[in-house]
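Take a look at the structures below.
What follows is a pair of complexes built around subunit A, which joins subunit B in one and subunit C in the other.
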Partner chain A sequence: MLIDRYAYGNRWREIHPVVKGTLAGLGLAASLAAATPLVPLLVMALMGGAAVGAAGIPLRVYLRLLLVPAGFLLAGVAGLAFSCSGGDLLIGTVPGLQLPVFASGAGLNRAALVLARSGGAVASLYLLALTTPLTEIVGLLRRLKVPHLLLELMVLAYRQLFACLELARDISVAQQARLGHATAGNRLRSLAALGANLIVRSQWRARQLHRGLLARGFEDELCWLEPERSLPARHLILAVLSGGSLLLLALLVRG
Partner chain B sequence: MNAILEVKAVDFCYADGTPALRALDLAFARGRRTALLGRNGAGKSTLLTLLNGIERPSRGQVLCAGRPLRYDRAGLRELRRRVGLVFQDPDSQLFSASVREDVSFGPLNLGLGKDEVRRRVEQALATVGLTDRAERPTHALSYGEKKRACLAGVLAMDPEVLILDEPAAGLDPAMTARLVPLLDRLHDEGRTVIVATHDVDFAVAWADEICVLHAGTLAFHGESRDHAGLCRVLAALELGVPVVFELFAALQRRGVVRGAEPPRSRAELLARLADPE
Partner chain C sequence: MHIMEGFLPAGHALAWSAAALPGVAVGLRSMRRRVAANPELKLTLGAAAAFAFVLTALKLPSVTGSSSHPTGTGLGAVLFGPLAMAPVALVVLLFQALLLAHGGLTTLGANVFALGVVGPLVAFALFRGARRLLLPQGVCLFAAVAAADLATYLTTALQLALAFPDPVGGVSAAFAGFAAIFALTQVPLALGEAALSVLLFARLARHHEGARAASGVPFAPQEGRP
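Up next, the complex of A and B:
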């Protein structure tokens, strides 16, 4: 889990989550409010600069992580940019289907805007996710009065995700150690066994975990302490100023 | 005897029908150190979960301080405030994202104030030597560190009775060596400590009393000083006879050491060898 590793080991780790949350939130708002691609691009630059330059996330890792949403985005945006039912410019036909493909200035503009806005939004959220461990994000959400049940689910899902991954890796290693991956047939059989056992074992784990919680007096609400971090006014002002000016710019520059 | 925890004529079957305990009668004396021995599957872990009210006996009774357990909300809360259980498998206990949070879970459930919780959490972390790992996610700990985090999670609740299921399994020699003084300190502070273990050497060196389970029944319950009775049971059940007892017997035959009472630990044996009188 790449994100998790950097969340725990980056130069912004000690910065109060409220500061990072404010910056990311304002960046997100500015990107979504923007009417032109300009502001979202600025947001991307700011967030990327903060993540790579200030927090020390390696550029290669950062770009690789960006590729994930970029794939989805490009596929989605293609539908906005090109159309088969008419437009300014015929750019070709779908081979074999005799279907014409058009591009239009308006379509391209819209696509660029959507792409930029999403990019800004993703960069904002990445800044938070890459510099803040889940526990602190949950603490932040609690301050924002997100329902407790939702937060509990987040934490348990997070823990279970790792437990499940660990389990899958253990089972797979155990299978390999006994020649489970030696031939294609073995591999298929091993995979089937892995899938079946993962479900059963995960349920078992969940039940054991529940017993563990009960033993420490769990009744119906999970509670835990959050780490204490100092919140220097300087940081908060800086976050509000930089994020806020972008938001202001987004609201001023209309088309 | 003043029993803090007691099982009376207890039978226990798991949901799938596996019988784990049969007609078990056993009392744990208040303020004593008890070691629970037994082969794999003898029912040690099962017994411990009954004592904490996680499982209910199929037949018979579990008593705490002379009163039968009540399995309602208030009864269980009271029981778990008094009786802390550290599980054998650390993954069934750790659920939070970070170690410090996980340790804070129990004391918060006790309804303590934030400052008191914080104080207890830091103290428990220091006790198990995990202060510098407090911010780590629980899934990024080694097995031994996980075991220690679990222990801290229960220590922070400051229970009157401390039950540990194989606490030394997976610990390195240094941490294992530190476990004994830690358990002794907890005992000296007035707590009852019950430890399930496979380490017979540890059991005779540390415990006041030893219980041996076999196939869900009680095979031996006595003072750890009762080495003759204990050795007979341990040998019969192939649990292994404590090394100090064997060495002592051999040295006694050669006339190197004297005395009828065998030493209980390696240190004690060495001390006697150095100073025969």
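Up next, the complex of A and C:
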């Protein structure tokens, strides 16, 4: 997984997760609080600059990741910009349905705002996701007092994830080699076989893991260590200042 | 289907998180009770979350040509009970946001509500209801999974419509618009995933008895209490 790979190997790896979480959280808040596209675009620039310039995520990778939500964004923004019930400008009709399609200035403005807001928020999320491994994000959630059972579930799922993915990939390769993906029907059947085997294997592994834990004195709560990171005051101040000023700007600039 | 990061306005994001919270809390409580009786279940559910994540990473062949992925919540609700699915969906959606850049943190609440609360409840209710009518298991499963997917997607469309009502037609017009746009991918997906789930179940049933017992999967769909 692309994001996971960079989360473990970037120049911001050693920075305390609280600092990165604070910065990303303030960026998210500023993007959502904004009433004009200006502040989200500033957030996007700051977060993108931090990820590519400071943390050293290759620009090509970063841009490719930005394209991931493009499909949803396109469909969603189209729903905002165009309307079938009325607007300033008739663009055309849906062929076959005789449904008129309108565009309006207000609709386009709203679409632009949502587009910018999503951009700022996505850039904030990426900054956290690309610089912080999931295990450290679990530590961050622990500080936020998330129930322990939920954290245990996350740790267990993360542990199993890669074994599951590898198994799924191997099965898929074996199926492809036997024309298992040659037609749509074959693919559906192959996928069902893959899913069934994956479920059995992953549950079997969970059972083995439980036995291993029992043998080592497992009682009812999983414990794990987190890497110790220093938390210099200036990092935290810098994160709060840069994120906080954007949030303030978002609250002040009201259209 | 889930809403991407930053798409919902702040008020809506908070409101949907508040709506999803009771579902997750009830799910965690029921899970805690079941784990106390059977400690292995904790690891089993962790594996189920990993399985669901991998399942969502698979691409389904789709009729319209757009590739879409299964959600697994309908199947999970039938296998593990509907209540456990809210926390599991929360974990899976968080992983998708952080590892695959699908969905997001601010829209997590809205997505958990649609995928982890509405979908599983619809699937479970429909499965139980159809079983009571003595329909064959495959038919029940097909209906339950397809309905869970459709309910999830309609909930998402409603969430978007409430956040962005049409300036002229209001919420209902916006709902129709979003539902129509997403129907292009979501309706074939619902049918595809339902077919996949039925085939998957048939495969499971063919597994060697010993392998099934050793893995501890509750293969017979949960007929009893959730």
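We take it that the second predicted complex is superposed on the first by the 230 of 255 C-alpha atoms of A that agree within 3 Å, B and C clash if a C-alpha of one lies under 4 Å from a C-alpha of the other, contacts with A are read in each partner's own complex, and residues count from 1 in each chain.
The definition used in the following text is that contacts are C-beta pairs under 8 Å (C-beta built on N, C-alpha and C of every residue); 3 or more make two chains touch, one makes a residue touch a chain.
Bear in mind that the values here come from a model prediction, so they are computed numbers and not experimental data.
In the superposition on chain A, contact of A:Arg178 is made with neither subunit B nor subunit C.
By the touch criterion stated above, A:Leu209 is placed in contact with subunit B and with subunit C alike. In the superposed three-chain model, the partner touching more residues of subunit A is C, compared with the other of subunit B and subunit C.
In the superposition on chain A, A:Arg11 contacts neither subunit B nor subunit C. In the superposed model, A:Gly217 makes contact with subunit B only, not with subunit C.
By the touch criterion stated above, A:Ala75 is placed in contact with subunit C alone, subunit B being left untouched. In the superposition on chain A, no contact is made by A:Arg143 with either subunit B or subunit C. In the superposed model, A:Leu125 makes contact with subunit C only, not with subunit B. Once the two complexes are overlaid on the shared chain, A:Leu156 sits against subunit B and subunit C alike.
By the touch criterion stated above, A:Leu225 is placed in contact with subunit B alone, subunit C being left untouched. In the superposition on chain A, the residues of subunit A touched by subunit B in one structure and by subunit C in the other are 4, 134, 155-156, 158-159, 163, 205, 209, 213, 218.
For subunit C in complex with subunit A, the residues that touch the partner chain are 1, 3-7, 9-10, 13, 24, 28, 31-32, 35-36, 39-40, 42-51, 53-55, 57-58, 60-61, 87-88, 90-92, 94-95, 97-102, 104-106, 160, 164, 166-169, 173-174, 176-178, 181-182, 192, 195-196, 199-204, 207, 211-212, 214-217. Across the complex, subunit A meets subunit C through its residues 1, 3-4, 28-29, 31-33, 40, 65, 68-69, 72-73, 75-76, 78-80, 83-87, 104, 106-107, 110, 114, 117-122, 124-126, 128-129, 134, 137, 147, 149-150, 152-161, 163-165, 168, 184, 187-189, 191-207, 209-210, 213, 218, 220.
By the touch criterion stated above, subunit B contacts subunit A in their complex at residues 49, 52, 54, 73, 76-77, 80-81, 84-85, 87, 89, 91-98, 100-102, 104-106, 108-110, 114, 117-118, 121, 135-140, 153-154, 157. Across the interface of their complex, subunit B is touched by residues 4, 8, 133-135, 138, 155-156, 158-159, 162-163, 166, 205, 208-209, 211-219, 222-227 of subunit A.
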